[in-house]
Amino acid sequence: MDLKELYQEIILDHAKNPRNKGKCEGFNHDAKAHNPLCGDKVHIYLKLDKDKNISGLSFEGEGCAISLASASILTDTLKGRDLNFSKKVTNDFLDMLKNKTKITLNSLSEDQITTISSLSGVQEFPMRIKCATMAWHTLLSALKKKV
Amino acid sequence: MDLKELYQEIILDHAKNPRNKGKCEGFNHDAKAHNPLCGDKVHIYLKLDKDKNISGLSFEGEGCAISLASASILTDTLKGRDLNFSKKVTNDFLDMLKNKTKITLNSLSEDQITTISSLSGVQEFPMRIKCATMAWHTLLSALKKKV
Amino acid sequence: MIDFNNIKNKFPIFKQKIKGKPLIYLDSANSAQKPKIVIDEISRFYETEFSNVGRSVHTLAVKATNKFEETRDIVKSYINAKHREEIIFTKGATDAINLAATAFGEKYINEGDEIILTELEHHSNYVPWHYLRNKRGAIIKFASINENGEIDVDEFKKIITEKTKIIAFTHISNVTGTILPVKKIIDLAKSKNIPVLIDGTQSAQHIGLDVQDLGCDFYAISCHKMYGPNGLGILYAKKKWADELPPYQGGGGMISEVKKDEITYADSPTKFEAGTMQTAEVVAFAKSIQFIQDLGIKNIEEHESQVLEYGLEKLRKNNSVNIIGNPSKRASIMSFTIKGIHPHDIATILDDDGVAIRAGHHCCQILHDKLKIPASARASIGVYNNKDDIDVLCESINKCKKVFNI
Amino acid sequence: MIDFNNIKNKFPIFKQKIKGKPLIYLDSANSAQKPKIVIDEISRFYETEFSNVGRSVHTLAVKATNKFEETRDIVKSYINAKHREEIIFTKGATDAINLAATAFGEKYINEGDEIILTELEHHSNYVPWHYLRNKRGAIIKFASINENGEIDVDEFKKIITEKTKIIAFTHISNVTGTILPVKKIIDLAKSKNIPVLIDGTQSAQHIGLDVQDLGCDFYAISCHKMYGPNGLGILYAKKKWADELPPYQGGGGMISEVKKDEITYADSPTKFEAGTMQTAEVVAFAKSIQFIQDLGIKNIEEHESQVLEYGLEKLRKNNSVNIIGNPSKRASIMSFTIKGIHPHDIATILDDDGVAIRAGHHCCQILHDKLKIPASARASIGVYNNKDDIDVLCESINKCKKVFNI
């Protein structure tokens, strides 16, 4: 397994210039998580509209490139999408890392699929899987947790 | 090492018919000990006269053949002897089991030396040394402990 | 059918001669011998995969952590626990019971609360509760044995009250071999909402285990008696308790966040596994379970019962021998006394024939007090024992009588 | 002169290739690799001498017990303790500190009493004291580090009061490698009659020890960091404390007499060693000490210092690398950060070159908070490391920068 698969350009780009950092305006759900072993932290903020649309989605956090990129990609991919679809993508993402499946959702653009899939390199680095999945698990918690 | 050296006739005789069992009349010193691993117990009673003579010496206790025989032989050997001599015999006895030395005190009869030395077989059974020495250690404690 | 006659070959220790004679090891209730696959796994692990677990991200750490956590899954399946978080690795059964008693006691035992034990308990399942009696003003009650060394479920009925906070008892007695009516006692306790801790130290290696079927709240296991490495035990704690109980030892790995004024803790099992663990031992323990599974625990049970029955029958025929307890359900253990010969002397004389048994009160002083004997001799049967071993034992017992002219 | 270049041959793990490359193990502060003589001793013991210790009287039990107690004597000599009863075997340093803190706290810590720690402490030397804060209303004070990561004895002077009941601190920091002015701190504490516990987890394998000369009251050691088996630690407790402290865990072996209403305990060390011990580990640990003594602890100290100095110098030359702490006295540990690359990523990239380091807060969150960094990368040096290893480390650090386009 090559390091280059893990630290792809897309990932480094998201890690260095994370999208959607900060608290999104008018957020009404949030959740945070933290990995005591490495000190990674993430806090997800989201605005769920009445029509079950995630109109706002952002994060705060610190951590390794994988965890930052993962949070950034998550917000970038799901902002503006509806609740059920977002849950489906999240589960598919977690599945990708757990069972090495591929992400193939029709309603994601090819670009978006490439971006999310860039994190599949983590499959081969078992100690890093938590870094990649933390933001996504936290999103699921946030969806259950109204402010 | 032969079992017969350990369980010599003299020892079995003392174990089955222990001498000086019970509380000796007018005892003014005593001490007890117990081995939590095997449950052996011994309680030494002694009467120390003003002239430093051990005029009374007896024991109560329960335990294996070695520990009973040892207590019985102790009382039989030292009853009526003076304090310093008794301490010397005790130390020689403990030395015999620890350093495999021989008991050769002039003022013990040949018979007495044979009797005490019958316990030297225990040297070869390290887990049983405590059984043989407990009464003697307890005697030393008793000498320090007035009733 | 498994051939139990060749099993000694799997245990290197039996290549030893003791005083020139074959080793007849009848002290497995104390600690079992280890099969070659377990010993070799310890070496293999240290030689090729060793690293501390759960902390670093390098290759060895990943291998070690995976192997370590794999054993947790194997244990979970083996005892049929529902969640892997219910499996806590400890230093031994003693450590497991101390953990459970201390953590449970801290949260749930207050002055005047009652703890029920039995007269059969090993000191490991009494002293930790005694601490709660001293520190928290709890009361300890002992369910009594009958003349056969059994404990009827009615004994528990008699002493359970509104104040009973926990019942802790041994699955199999390490002196009489009595198999307790575990399920009935648990059902009774459940009907009154009282949690149950089972000391499974003498059972896990002899009979099949299913903690969900039993329904117990805690189950303590001693790995070194399951043909596994020493220095390792397991506490099964039902998820509810694993979640609710406060941590026990404090240290690295068991925390969530540490500040100068406050500390929060990780979830189970991490919460209960402070400090560097016995990595090699845990990894090798997977092989102990494999060893047991390859033989089949049912086959082991049957084999050991046959050897036990054979032994009991032979001993009963010996008039000088008094067998301790006569329970209708018994596993693997025969304790006895011989009139006129102290157990300590028996053990020494047997050892001269290569027969290893234990003499003493076997950490059950309360039971020995009740039986009015200071000590007993115990022959305990493991998977490697057979009827020939029993024959040597019985011959050697006759020799004791000769040495003592009885 | 000892040839440290051939030492890797004594450790089977170095036959491993990691991702096709030689293993460069720089994670010894986490857990050290084991020399062949230690691994082989575990097997040898299980194969030829194994039995539970201190309980039975048969031949194997005698052999095992003697070997076990021999190791106690060897440890006693090695650290120059005065009495063998001062050497208590535990599951690890964490267990050792928990034992000391719990037993000491129970008897001597009351509401409002003060415990002094330092900002350098590992969670294992903080959480057990935090328990006393919670349970007994004690107060914890932290001696502060200066900008070099050192702690001056004056820091202790500032915070000692009439209420100070114990001072507990690490001999060598597991993050900065700082060697604390142990003797000065102990002298200060002694002048005020305050007992001292030293967390010697990072020191025993690097520098010579003499507990009588130090004059400490407690000293905790982690055997697995001394090239010994995992699951084993040692608490040195000065005789006065070994005698006075109440027992910690309750169970078999540690009692004197057990009745239904009362229990009395054995003397130290038995009092503190409840349940079946890690027999094989203790026996094999004698070989770890032999391994260290054959090399000579002075030679080890010198060799490791040279490798450390070489490493520090090389890292200092690398502008992107920030070394944590700059203590004038340092042993075996270099923690660092690289601007723009998280330690976790560093560890993963280094691993690709076979270089095993640790990333995280190393169980020192308080220190990392103080330094305002969430984590660091740590390379720690063992007896088997050499300057070539440092060269590979430094090349690999440069590769990190390449991967991250820095």
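Per-chain residue numbering starts at 1, and chain names A, B, C and D are given in the order in which the chains are listed.
The criterion applied here is as follows: a contact is a pair of C-beta atoms (placed from the backbone, for glycine too) under 8 Å apart; a residue touches a chain by one contact, two chains touch by 3 or more.
All of these numbers come straight from a predicted model, not from anything done at the bench.
Visitor: Would you mind pulling out the distance in Å between where the CA atoms of chain C average out and where those of chain D do?
Guide: Chain centres of chain C and chain D, defined by C-alpha means, are spaced 31 Å apart.
Visitor: Taking each chain's centre as its mean C-alpha position, how far apart are chain B and chain C in Å?
Guide: Measuring from centre to centre gives 39 Å for this pair.
Visitor: Whole-Å distance, chain A centre to chain B centre, using C-alpha means?
Guide: The computed centroid separation for chain A versus chain B comes out at 80 Å.
Visitor: Centroid of chain B to centroid of chain D, CA atoms only: how many Å?
Guide: Roughly 47 Å separates the two chain centres.
Visitor: Going by the contact rule already set, what residues in chain C reach two or more other chains?
Guide: Only 55-57, 61, 255, 257, 344, 348, 359-360, 365 qualify.
Visitor: Can you tell me which residues of chain A touch two or more of the remaining chains?
Guide: Residue numbers touching two or more other chains: 37, 125, 127-128.
Visitor: Could you classify the connectivity of these chains, where an edge means two chains touch, as line, ring, star, complete or other?
Guide: Topology of the interface graph: other, matching no listed pattern.
Visitor: Which of the chains touch, listed as pairs?
Guide: Taking the chains two at a time, the touching pairs are A-C, A-D, B-C, B-D, C-D.
Visitor: Given the complex with chain C, which residues does chain B contribute to the contact?
Guide: Per the stated touch rule, the residues are 3-4, 6-7, 12, 16, 37-41, 62-66, 125, 127-128, 131.
Visitor: Inside the complex, what are the residues of chain B that reach chain D?
Guide: For this pair, the touching residues of chain B are 34, 36-37, 125-128.
Visitor: Show which residues of chain C lie in contact with chain A when the two form their complex.
Guide: Answer in residue numbers: 54-57, 61-62, 65-66, 255-257, 266.
Visitor: For chain D, which residues are in contact with chain C within the complex?
Guide: Touch list, chain D to chain C: 12-13, 15-16, 18-19, 23, 25, 27, 30-31, 33-34, 38-40, 42-43, 46-48, 50-52, 55-61, 91-95, 97-98, 122-124, 126-128, 130-131, 140, 142, 222, 224, 229-233, 249-255, 257-260, 263, 274-281, 344, 347-348, 350-351, 355-360, 363, 365-366, 369.
Visitor: In their complex, what parts of chain D are in touch with chain A?
Guide: 340-345, 348-349, 352, 359-361, 365, 368, 374-375, 403-405
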